[in-house]
Amino acid sequence: MNLASCADHSFILTLACPDTRGIVHAISEWLVERQCNILESAQYGDPNTGLFMMRIHFSAEDSSHDSEGLGREFLPLVSRFDMDWSLRDSGKKPRVLILVSNQDHCLHDLLYRYRIGELNIEIPAVVSNHRTARQLAESHDIPFMHWPVTPELIHNWDIKLLQLIEDETVDFVVLARYMQILSKTICDRLPARIINIHHSFLPGFAGASPYAQAYKRGVKLIGATAHYVTQELDEGPIIEQDVLRVDHSMLPEELAAIGRDIEKVVLARAVRYHAEQRVVLNGKKTVVFR
Amino acid sequence: MNLASCADHSFILTLACPDTRGIVHAISEWLVERQCNILESAQYGDPNTGLFMMRIHFSAEDSSHDSEGLGREFLPLVSRFDMDWSLRDSGKKPRVLILVSNQDHCLHDLLYRYRIGELNIEIPAVVSNHRTARQLAESHDIPFMHWPVTPELIHNWDIKLLQLIEDETVDFVVLARYMQILSKTICDRLPARIINIHHSFLPGFAGASPYAQAYKRGVKLIGATAHYVTQELDEGPIIEQDVLRVDHSMLPEELAAIGRDIEKVVLARAVRYHAEQRVVLNGKKTVVFR
Amino acid sequence: MNLASCADHSFILTLACPDTRGIVHAISEWLVERQCNILESAQYGDPNTGLFMMRIHFSAEDSSHDSEGLGREFLPLVSRFDMDWSLRDSGKKPRVLILVSNQDHCLHDLLYRYRIGELNIEIPAVVSNHRTARQLAESHDIPFMHWPVTPELIHNWDIKLLQLIEDETVDFVVLARYMQILSKTICDRLPARIINIHHSFLPGFAGASPYAQAYKRGVKLIGATAHYVTQELDEGPIIEQDVLRVDHSMLPEELAAIGRDIEKVVLARAVRYHAEQRVVLNGKKTVVFR
Amino acid sequence: MNLASCADHSFILTLACPDTRGIVHAISEWLVERQCNILESAQYGDPNTGLFMMRIHFSAEDSSHDSEGLGREFLPLVSRFDMDWSLRDSGKKPRVLILVSNQDHCLHDLLYRYRIGELNIEIPAVVSNHRTARQLAESHDIPFMHWPVTPELIHNWDIKLLQLIEDETVDFVVLARYMQILSKTICDRLPARIINIHHSFLPGFAGASPYAQAYKRGVKLIGATAHYVTQELDEGPIIEQDVLRVDHSMLPEELAAIGRDIEKVVLARAVRYHAEQRVVLNGKKTVVFR
């Protein structure tokens, strides 16, 4: 169920904990006791790591429930099962900061989905090291910040970004073809909260100029990968990937044109999955409850 | 989790009932009381029909549990929630009767998957209105029955088939490109127990010669559809579909060659989903817990 | 080769004629005599209709060549082989009139591709029976015309459209989710010059509300089809199709959201193929020289 | 046009040469002079390498033509344009030697396509370092050779293989999941004549255990790649690739099961393309005239 189409008074609970008997029972009891109805539920137990992960979307008949109160009442289960968890009011839109460089096709696509309500998010700002996207952002009434990146300013840049994230209570950051490498500081401070779109089917063609690499290697499909950003370039947990067919006659710029169509949908899916709390980290991988 | 890779003492419970609060809680309690562990669980509530559907794969630590005993103990929940349900020992392989005509690519493919253990089924017999597949079936040590179909014999044919299904305790029937229309009697007696592969992307090109129809219409993709057989030809609930790209240069026989590759995988997926109890009927549609 | 990436002084010749020996020889001789180089060439002979179709993209070293002069010189071949043909300067951008109703995702997508030069076209105007798209069109400096459609005005509407097409020397018309049925007059006057996007995988779900139909039927993939408009609704020659996977949990509006991603790329591909003269009619089908 | 469906007295000419004006003209003239009709023709000029590549399938009305005679008559064009070329009677089936190890799904698939005439080839022998596939090969009346591979025997093995290729006038070799690395000697002697299927979407997951690597990395699609074998492991020119979607719940053996479906079709396509002379080398890449 796409949250954008859900007007209910409802909540999303996600959790990860060591797998053991009775977790589902305890949670469903907790829900029944509070007159809550499960709207959607998905779970996965990883046989290799022994980790159990779950996402439950539930509605509450009692309109006095809020995520803070429910969260407090959930704490006994958290400590009993040693959970990583979050509980979020599904009506509260995640706040997403978008970073972009010169190529604005992903930004353009995300803003359209945002405008027609397909993405259930708020966008407090667009930040760019170029001025290209100013008009696009501002035509959607979104503040645009032009923050050039230079080696000597990079430390200040980090501070400004973290400040902006705090000031705007940003939930997560999207690199919509932002062609700068983020610092270790930023990556460490925002684990599983920065989504990047890489324009190849990782792990193939990591690094620079993937379409030129793809052309040179003569692959018959090209792809795109949305992943969480970690310090290791293009090595973060993969959220979504897709590919399209190409052929020998296509030059790198034609691969790039086809690639844009993949990048846009792959990033948009990843943003929606994350915004709807569908992605749970499982070590260096993700579990995506689609 | 593919059942073929699960060696545990485990069971699969599937159910459908009117959606109401407390179903998951009651089931999880029932499982906890019996020291059972959930291996895999998926559910869906249809907002339009108010039907709740669930599939749980669970293991039992107590090796004295069997599906008959557990089933008896599950009856109170069945009546409390008004469930359609089944509970099956995952180690007990479903028995699948395969019907085929002249074209044997789907049979050939299914028997290979069966031989290497990819499909966790038993095949008590292959029935055909032609002799073509005799050698193929017998080389897999599967009895082959050549039952010609003629208008005057059709009543007897039905009786023979139902007798064979009873004698061999057949769980479900697969029409692996069986080019005869089954009678109303057969369809009525085996609801959601006969899987057909139709060589088009339904609802397009129902009926005869779909590749010739596709050629004539000039479509750019061709497909295949696995569905449950009902009295309405090619109208039964769809289990799985897929497509592949074609182009203007391909003649009907080339579409058919490409189509074989889709038919094989679509039918094999549908057989696996059904054999693993992943398909639940939802009116004229299916819910597939993949 | 994408024309958008071809800066040469070059031409595109397309033709269809009865298949016979010597066509390629005659054309290649004609090109050699004029110091022209083949950049890209594709051909297809339909064994059923006996029709031969060809597309040649060639460059001319002699910069005095123009499409008018070359066309005149090509006439002897036209009459010798009884050709339907066209010869176009590849630097001359086709002029495309876009019609749209309330849903503007295809328009939004086409205008972006137009703006970044991915589609090598001119857009002299956007016409709509709603006012929704005015800002979008005008922000790209494209005149927007709000032409309501009412039964009593439909005759005038036809006259206005044909006049606009003449005044603006429109090469072809794109229905980018234009939810009105064009009259017989319009269809007859613009054969293979109007491209529609239908939001289903035709021939399945022709007519109204295809996503609601798809939901009701329970298909496992949904698609979109770009086709030339003829008098028979949704029956015109298909240019391009594609599909994406869906599942049982998706409501019609979620199918529509996924469908938008297919509609956009399928229509954009069809527009590009047509604008680059890659589509040749073959009876009720198309040959697409991709 | 699939050659398997072409009963004509026809020939396939493939060529690669430096791009220059007049090649198509010269070839079409040569064909017209011999009363030959083009059935299918495709060409590609690489703007980066300046190489022109072409494949023409043509029929000859004069039944006295044979590939040897035509080839002799073609020599003046070969030297005029400095061509790499081949000319083959399309009725003469390429002779294909298949190597396999324990996993026989690709062999099983190829032999089925061979048996029903979908692949227009001869298979003089199957060679394996295991005995597993003996029955499968022999049930298709194909000689099976069990040639164990040991470090001390590898030199003899090479000699035996080359001898077999000579004795049986083998056109090309298919590694249908043959899990041994071929020697430099073999690779050097058979350039672009050995096709391997690698069970990943190259360049991702080259080397050993690609499904285990894919599981570990958490990719959302898995693929297979058919390529020519060169000395650099998994680095040879790619002929065909495809992918299928997977998810977080799938263990390596389930990835492998899904992967088999991709491997089979990707290898079968590559074998058909090569057997029909549709693949032309272009440096370290291929041009595939599908």
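By written order: A, B, C and D. Residues from 1 in each chain.
Assume contacts are C-beta pairs under 8 Å (C-beta built on N, C-alpha and C of every residue); 3 or more make two chains touch, one makes a residue touch a chain.
Only a predicted model underlies this, so the values are computations on that prediction, with no experimental measurement involved.
K.L.:
Hopping along touching chains only, can you work out the least number of steps from chain A to chain C?
P.N.:
1
K.L.:
Return the chain whose centre of C-alpha atoms lies at maximal distance from the corresponding centre of chain B.
P.N.:
Following the centroid criterion, the farthest chain would be C.
K.L.:
Nearest whole angstrom, what separates the Cα centre of chain C from the Cα centre of chain D?
P.N.:
Distance between chain centres, rounded to whole Å: 36 Å.
K.L.:
From the mean C-alpha coordinate of chain B to that of chain C, what's the distance rounded to whole Å?
P.N.:
42
K.L.:
Would you give the residues of chain B that are in contact with at least 2 other chains, written as numbers and ranges?
P.N.:
40, 249, 251
K.L.:
Which of the residues in chain C end up touching chain D in this complex?
P.N.:
21-22, 24-25, 28-29, 31-32, 35-43, 45, 245
K.L.:
Would you tell me which residues of chain D are touching chain B in their complex?
P.N.:
1-2, 4-5, 40, 105, 108, 112, 116, 118, 139, 249-251, 253-254, 257, 260-261, 265, 268
K.L.:
Can you tell me which positions in chain A touch chain D when the two form their complex?
P.N.:
Touch residues, chain A against chain D: 44, 47, 201-205, 217-221, 223, 237-243, 247-249, 251, 282, 284-288, 290.
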